[in-house]
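Shared between the two complexes below is chain A, which has chain B as its partner in the first and chain C in the second.
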Partner chain A sequence: MLQEKVKGLYRNKPGIISFAVLAVIMLAGILAPVLAPNDPVLVTLDNRFAAPSTQFPFGTDHLGRCVLSRLMYGAIVSLGSALLVMTITITISIIIGTLSGYKGGWVDTLLMRMGDVNLAFPDLVLTLVIAGMLGPGLANIIIAMAAVQWVWYARIIRGMVLSLKERSYVLSAKVAGTPGWLIVVRHILPNIIPHVVVLVTINLGMVVLHISGLTFLGLGAQPPTPEWGAMLNDARQYLRSYPRLIMFPGTMIMLVVISFNLLGDALRDVIEFREG
Partner chain B sequence: MGRFVARRIISLVPVLLGISLLTFVLIHLVPVDPAEVYLRLSQIPPTDEAVAVIRAEMGLNKPLHQQYFDWLWKVVHLDFGKSFVTKKPVMAELLYYFPATLNLAAASLLIVLLISIPVGVFSALYKDTAFDQICRILAFIGASMPSFWLSFVLIYILSLELNLLPAFGRGTLAHLVLPATTLALGAAAVYTRLLRTSMLENLNQNFVLYARARGLKEKLIVVRHVLKNALIPVVIAFGMTLGHMLAGSVIVENVFAWPGVGRYIVSSIFNRDYPVIQAYALFMAVVFVLLNLFADIICATLDPRIRLGGDK
Partner chain C sequence: MSLLKVKQISKTFKSKNFFTHKGRVVEAVKDISLSIEEGMCLGLVGESGCGKSTLGRIILGLEPPQSGQVIFQGKDFYKTTRQEKMKLRKDLQAVFQDYNSAINPKYPVKMAISEPLRNYLSLSPSEEIKRIGELLELVGLNPQDMHKYAYQFSGGQLQRVNIARALALNPKLIVLDEAVSSLDVSVQAQILNLLAELKRELNLSYLFISHDIEAVYYLADAIAVMYQGKLVEIINDISLFDQLVHPYSNKLLTSVLPSHPRFRTDSCVEFDELHAKPGNANECNYLDRCNCKEQLCFQVKPVLSKLTEGHLAACHKLKEINKA
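Let's look at the complex of A and B:
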């Protein structure tokens, strides 16, 4: 079953390519301390706006910092914080969503009402406002995003649990006297996880976009931390003379977002098509 | 219809209460004492006595539920307090900046319509042709492109290189083009796909078959029977999109120096002007909820199934 799915994914070209792209970017970020040609935060004013060369393959920025090195280190900040947001979000929403769907009761009522309120805010407003109240900083953005997003996932997971709860194998496990937590762990979670993985992959692109957008506004990672959104913000003043400074981080963000979207689509085709 | 609207409005009450609770709690997320921030912004040394006076003035020393009801009472009377920075009423400031944002969002929405209706209709009618494939790829890229990056690319090409349009500020219609287009492209991508799917669904319905059997002209069938029905999900999404655009304009306004709410909120965040941030959240949520209400009502007028189904 699992093997079949892996095979299916293997045959999905866009999925494989985007996975490879993401893996390369992630690896470049992780190995940046070894691979990066220069120190990403070292300011050398003599080298301001240097053109691409062997020493600086992508040139330097307005403070003479190596653009390629900043992009590589930035991969870890941008992608890593997106993954962190998702990990926190999913952990909370799996716990609350399962509890709410399986047990019902006040947790369920509370979750549904919170969802209604959450949906009443346009995208990004709540995140922006929470991040604004907490003050600028990458950690605060991660907290704000997780705090806003988990409700949405929890409600979806709750819906999945509600439909699984009525399946005959869950009912028979119940009749056999299996304790509730064991039913959840053994019968419900394994059926939910694949769908959650699809959701998470598709939405990771959006999380990357939001994080870089907030950082671009100056709310996320603070200078001199290399982050793609922050690099774009630094480069905006030099748009006329040095448009390449805009091109590099922008292309990276777009590449990552497109890859996550394609990978998510591929996973959905493989996982949900076979089950549906 | 009256009953549908009434029930829809009543269902808003708990949501609005929830919104008010959430926005009220927001101010308590502030890691520092707002009274101290207020004093610092007013260039007054935050001595213990001064902080105590301001706390009393802001009602921060009352019990929490009392604070909430006091605050809610004021909010119902459209009093959101005063800005820490300008010392003017926040509501007046928000209303001062809001028209610019509304202007931008409305222009974007128009662009979305101008792009997505023709493209959506034609990609459905010419499904799987080269045109459809190209639109699909463009839509995919449009949805993945960071708006702040897109705006720089547009500024660079259209304004710095070709010198066709002004890159910053507000004033003439030409000033509106770049920010509105940037804001619109992402949504246009989504709408094109939405309309395409919805058109395809409706093209397969029996009433289309019947209309064809009656020998109606294909153009008439598409416009009167298919498009009218296919637009319903689009209209439902519209209320939401306008809300998302009002909010999403934050980044675009900052790039294009557009003097709207989005720029105001970001500068308020950096000034730690907490009453403004709080009022912004409440204001946006209420506008968003009302927009969705209008979209629902419009759909109920368009589609009797919605209002009648709701009355059961």
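Let's look at the complex of A and C:
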């Protein structure tokens, strides 16, 4: 069954292309210390706003730092933190969503009311408040984003669990004497995880945008750490005179977001085909 | 001593309205008592929504009742210790209506059948495979089928797999919750035959829940007719089947379609919907649809009372007939 699905994904062109794009970007980030042509934080004021050349393939920024090197190092910061946010968020929401949906009763009421309080505030505002309280820094915006976003996923997962726990195979397992935790592990989680994977992939693009957005606002990664959102912010002042500075990180963010969306769509086509 | 005794079980469901805080109360099961002897099949009949599946779930231990007792093999199911409950559950299995979702689509069917085996017995892997093969053979499937997934089976085959799983632990009582209702008629007959055969061979008891009074007649040794959460008639011997007298039982009987449209008479097509309305506490449940009601029916709620030996019904009219 798994092989079938892997084969199905292989045939899905947008899926395979977007996966390749993401893999290349990720690899470039990981191998940046080897591959990057220059030091990403080395300031050479002689070379400010240098045009693309063999030494600086994408030119230099307002402090004379190599743009390509910064993009490569930034990939690991931007993508890595997005993945980290997603991992934390989804772990919390799987635990809370499953507990809430499967247990029901006062556990459900308590957890979901807690979530409702969270949902009553606009996403970005709440993230800004928490990140602001914790102070600037990459770790802090990761915490802030996870603290805000878990509710959304927990609600969706709770809904899935609610519909699954009335399935006959769950009832049969109960009648067969299977303990509750094992029913969750054996029958409920395997049936929600594929859907969660799709959800996560589609939303990873949004998280990348969010992180870049928060860094753009001055929270998150602090200078001189190379990060795409921070690069956008730096380049903003030179939009008229040197538009290429904003084009490079902007293109990268767009590429990553589109790739995640397409990959998510492809995964959905493959995984949710013949479910039931 | 009977295998299963249900004593005065009641279960109500409340749904609260968020704005008015006025709850709508549905009395799914009201004050039901019945018993199943060893080796017997009790058919529980009633239209959809009359609470028969809820009763089945209460008996299976999936839904605690508000009041009353479920006594299985002499022990109160909802009041014993956890270990005791586990032990009781071994002898109490179920086959559900929805054969499609009764097997987890992620695993081959051998996983479904091995689940009860693993919970109760510690078999070696080869013993387990052997036992699963035996069970599949018992229900008329090829032992090789154990490696297939649920979507590779037809409806009738899947229901056979479900029966195999229910049989895995050699239970004493199997609750068949509309077990044949979603199959088409010829497959229904095959499954009913299989169930009858297994009952004879393994000395099983069934609680056969169905809305199809014909299927019940075929399999059951005793019949209980349920209407709006209450039992309205019980016959302890299926040979007295033609003596069902309650107006509702008669309506169920006339709802059976003849095998050919040409034989259809006017009484076959008469059909009325159930209008759930908060009834007067003192009037008969079946008042709205009854066509032989009288003054007494509006004033006193009829209780289940004995007509003849092994035949109980809840209707004023019938008691009079009996007296006269």
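Heads up, the rule we're going with is that the second predicted complex is superposed on the first by the 274 of 276 C-alpha atoms of A that agree within 3 Å, B and C clash if a C-alpha of one lies under 4 Å from a C-alpha of the other, contacts with A are read in each partner's own complex, and residues count from 1 in each chain.
Basically, a contact is a pair of C-beta atoms (placed from the backbone, for glycine too) under 8 Å apart; a residue touches a chain by one contact, two chains touch by 3 or more.
Worth saying up front: this structure is predicted, and the values here are computed from it rather than measured.
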Looking at the combined model built on chain A, do chain B and chain C fit side by side or clash? fit
Which partner chains sit in contact with A:Gly101 here, chain B, chain C, both or neither? Use first/second/both/neither. neither
Figure out whether A:Leu134 sits in contact with chain B (first) or chain C (second), or with both, or with neither. first
When the two structures are laid over each other on chain A, which of chain B and chain C touches more residues of chain A? B
With both complexes overlaid on chain A, does A:Leu219 touch chain B (first), chain C (second), both or neither? first
Could you tell me if A:Gly29 is touching chain B, chain C, both of them or neither one (first, second, both, neither)? neither
After the superposition on A, what does A:Asn191 contact: first (chain B), second (chain C), both or neither? second
Taking the CA centre of chain A as vertex, the centres of chain B and chain C subtend an angle, in steps of 10 degrees, of 90
Just chain B (first), just chain C (second), both, or neither: which does A:Gly15 touch? neither
Quick one: is A:Leu124 in contact with chain B, with chain C, with both, or with neither? Answer first, second, both or neither. first
After the superposition on A, what does A:Ala173 contact: first (chain B), second (chain C), both or neither? second
After superposing the two complexes, find the smallest distance in angstrom between C-alpha atoms of chain B and C-alpha atoms of chain C. 5
Quick check: in the complex, which residue numbers of chain B touch chain A? 14-15, 18-19, 21-22, 26-27, 29-31, 140-141, 143-149, 152-153, 155-156, 160, 240, 243-244, 246-248, 250-251, 254-255, 265-266, 268-270, 272, 274, 277-278, 280-281, 284-285, 288-289
What residues on chain A touch chain B, complex-wise? 113-114, 116-117, 120-126, 128-136, 205, 209, 212-213, 216-219, 229, 232, 236, 239-240, 243, 246, 249-250, 253-254, 257-258, 261
Name, in rising order, each residue of chain A that touches chain C in their complex. 1, 167-169, 171-178, 186-187, 190-191, 274-276
Which residues of chain C touch chain A in the complex? 60-62, 86, 89-90, 92-94, 96-106, 112, 115-116, 119-120, 149, 151, 162, 165, 168-169
